[in-house]
């Protein structure tokens, strides 16, 4: 089977990241995975949600949105609808959970880091690109806090990246674009650390259930994709072995 | 390690189902998994959402809610808040997706089946109990349509059930109650068919990432739990091999 | 005229109450009046609305809701609509007012008691069943406070119950079921104490105005019905003459 | 006991009505009951709510609101709050029900009459003044339809008026002003026809339950008050015996 | 060209103001510009919005609304829609800004003055009539504070009035009524002080752009209109040269 | 006085436009005015709002939004707040009005053109940059319709651009950046055609009223700025004298 853009089944789309894409947030990046483009930013706020007041613990929360013009047919703004849809809420909960899983919120102290992922062009894989980009923006913001001495212990414990995999016409594919995604029978998103551990595995076979064998080979593809993504994050963020204390040598 | 209620790690809580629990919906069941109690009902409406008008295809949609008194501390009604929270939306999207995955919506015809899952008492595993119970309510409603000749081909292709698994203090556990769930580091929900296929796999390691080995042994636990649940659904619904056309002999 | 269910005009439907129906709230009861079934619960919260802060006075507030499957045709959730309808608001204001009228809120102290009435099956008279059941749940919750020494003076001064009456085809009927109610020309709800006093009288002749004579004979029916309801509440709650201080001997 | 404004217990406040107070609606009146001032208007719309489409039947619906400056302390606009409060909803449901009860909606045909009651100054009794004024605005609007031949049978069957009564310091009072109302233990609103029939009786003893004797003597006061209000409505609207078909001679 | 109501192009409609129109607010006026009628009121609140807490500075905020019956076809209440429309928000922001521009908010101290402009009948120019009337209500309220010694320095620095001008069929017109306004190609609102300075100039040529010459001659018309409005405000408010400190002799 | 960025008082910031910035909308541009960056897009929809159904007339409507990270301190998403603020509504009404004023909506036919202006970085003048950029996106989209023969007469009649001017420390400035804007006493936005006509003039002197002389010299600055902007738009869009029918030679 030939992929639309001639990639091999286990090949990522071309990925680019432009850091400091917008100037006001403490960290920001424009991440591109092929035609999918997301502005990710991290803003530090010196207070925490009410349930953490006086706990000494920080928080990371994420918001995700699409520009109306990001999709094939214009999507209606959620501000015009007056409410945030289920899909959006699921995605922002996922992004927040993924980032929090690798951060020592105690070490962060009573701060909230707001992650904003705004999709300016969508071509499949916007939630996974958001996580991969958001990790970079988050690290840039945390670096500032750390370099200014506002936090004593570097609180990020691992890299985080995410990728989609799926089954289309019987073939297992890595990093599906929109057209592939809309034809896939099984759709999966996998969030991982740079240590090869899983943070989140979400697989759905709405069109057709899938077997354990398929699940296993999809996970293998996801491991390959995430390994490459982590490598590119590391290139952007520079050697961070010392910041991320416990892992002296980079993997 | 001893479980709170003395169950073995791979043991389900006691499960009960009272069918026709409320009289107006075409199908209804009160499902109890230990102290978790959910009223599941299925109501047939003779129209479809706008995106299916004149398509000849039906739809299944789910709503999930908790009574304010269902939880340890009273939870605020979403009608009072004026909006549906992210967790609720995620769960109702999951229930709808799981049920649609085993129904031939073409064969159903231009009807909507509304699934309502109302948790009257919560003790962990409300979303998986909802799916397991909702399948029974759905089948009861579809049976009525089928017996009245309103649909010609029985549209349900497999049984569906769901169960939670997790890792608590290093031990993999089946069917976590609330107290176990709140202490678990890995939390997973698995929706399966009676053929042992996966419909949905959702695993989260917010507290701590998990390895591939752990993932595999959790899936094995889930398979065991779902097998038992399907057996109980089959007892309630009676032999349905012929209704569910292609699988003559029950597995 | 024969009633649908062969009752006499002045006969109540069969009434049942299952106390402690759900385990988390301090008081709870499943009340059934014929086919009408309502879960009533009372939850104590250790704070009061802003207008009572530092007043030393407590508050009782009620919420009322119907499961979507409770009615003949599925009723849309108010959480989905994003607002609470006028009928619901009227009913929850009525329940709260009725219960507050017999409670010494000063003696309760700065606490809020949340009353939740969730109709799981509706067949007429849901608001009056809610009041009758809510009084039982409230008393159970207050008993706990009183027995734990958290309140010094028992704050409930009288029993409260409520019943509907109406005029159908010229006959005055007690405790109308849904089918009777939908045919009635005059529709009335009467909330009373165990002393035979009126707390609330609401009579509507939307279809046809009614005369003073009719009003009087409907009130007589209501008195009979409420007397019987109070008797049943007393059986459930046990002898409470001493708790409800001033009335040593039960009436 | 002397009343604040030296009225006798059974005396109405001075009542004034200025018809055609605003020019755009088909009927409008400024009604004053003492210091309470309400602009009531009736606007005809040539369509009906969806549940009456193609039924040949009309509808009357009411909205009630207060200017922010109408009360002692500025009340917040419901448009700013983004939702309509329970009290407002109760009142507008009451006004609509009261007017519909004397109109033959079949004879009205497929039209909606919108009743708007906007309180510009509040001093007790705003809901009853609204009903009394709204009936005048409604009749003016219906007169126009009737005189233009747009309806064949005059659809209004009786006059409607409403008054409040209450018990303050043991005395039964007619037409309470705000200060009296805030001290009353029993609060009652009675809507009646010119034939002396009851359309709506709403009595509440939140502060203290009331006896049947009190109820009866309050109803007698209400009858007196409504008789006088109807007389004033008749002066404004002119002899309408022939319009209101069946009652040739005015009572 | 003859104007609909035979006015000359540079002639205002008849203007009337009834002060103390409603009794509860500290200042109130019913302003009529021809058939346009607006109730303007000013209510003092002893607190400020959160962004001014502990700043020693006061605030003036305005709300604007129309009764449903104020317009040719009934306009839907914004409380029923659940949100405030763009036009309403624009107008209330304009009114607030115009009044704040002539008030020394420091001298006012930590108080909020709520301005309410409720249009009871609309015939063009409701926003400008609102500003002209609101200034009178505001001054009445501030007078009370000043006379009671609650503020030491009279904080109002100039009179404020506003008028509309426009171009209809090539003629420049002052103070357009609704029918003229709906035919005008250029529509302009000008807010001025009694010193002939501009506070706000808003000109729109949606139907047709306008030249600089037109703009200048429209501004001249606006100056004439506002001069007359200020004169009438001064008649109502009495000689205030001393209150408005710096301008001893009235201009 | 030296400007922050060393510009002369009548000098624009550096302006850049990247067309086709996002691929799905029919027209799109990233416009930069100094540090202010806005993505403007135009999407064609083959239907019109209900008030234009069957009128043969088209519509242009605009939405404006800011990314949370666009401003100095993160601004809260309007979708999270559940409503669109007054400032946003004012701006989107202004953009829509400005564009409609130069388009022959009859010639456009029954289509809606959605204009989206999403500010990704804000440094003053976002609303005027939005109008200038939106005109380019609109023209690109209309060009496509025209070239595909879907409209017969080119419906755009003039170029439109907009610029801000203001008075800071007594000096009149063109194209204020955020820091200048926050210190300005007079704030003005002027929308013009390429023929030197005014479409919209909005001047506010909240901090201090302004004289007619100031108004005139600000308008002169605005004319200079808009002339330069139009020239740059023409460079981007190419010679369009023939498309914009009546003006053969470009000005």
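For reference, chains read A, B, C, D, E and F in written order, and residue numbers begin at 1 within each chain.
Here is the rule we use: a residue touches a chain if its C-beta (ideal position, glycine included) is under 8 Å from a C-beta of that chain, and two chains touch if they have at least 3 such contacts.
A quick map from chain label to UniProt name: A, B, C, D, E, F = Ribonuclease PH.
None of these values were measured; they are calculated from a predicted model.
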Through how few touching steps can chain A be joined to chain F?
-> 1
Chains in contact with chain C and also with chain F, listed by label, are none
Fit chain C to chain E (C-alpha, same chain sequence): the rotation, rounded to steps of 5 degrees, is 120
Select the interface copy of A-F from among C-D, B-C or E-F: the correct pair shares over half of its contact pairs, counted by residue number.
-> B-C
Compute the distance, rounded to whole Å, between the mean C-alpha positions of chain B and chain F.
-> 52
Rounded to the nearest Å, the gap between Cα centres of chain A and chain B is 29
Would you give the residues of chain E that are in contact with at least 2 other chains, written as numbers and ranges?
-> 82-83
Sequence of chains encountered when the ring is traversed from chain E in the direction of chain F = E, F, A, B, C, D
Partner chain B, residues of chain C touching it in the complex = 22-25, 28, 35, 37, 39, 41, 43, 45, 63, 65, 67-72, 74, 77-84, 114, 116, 118, 120-121
How about chain C: which of its residues touch chain D in the complex?
-> 83, 85-87, 89-90, 92-93, 97, 100-102, 158, 192-193, 195-212, 215-216, 219
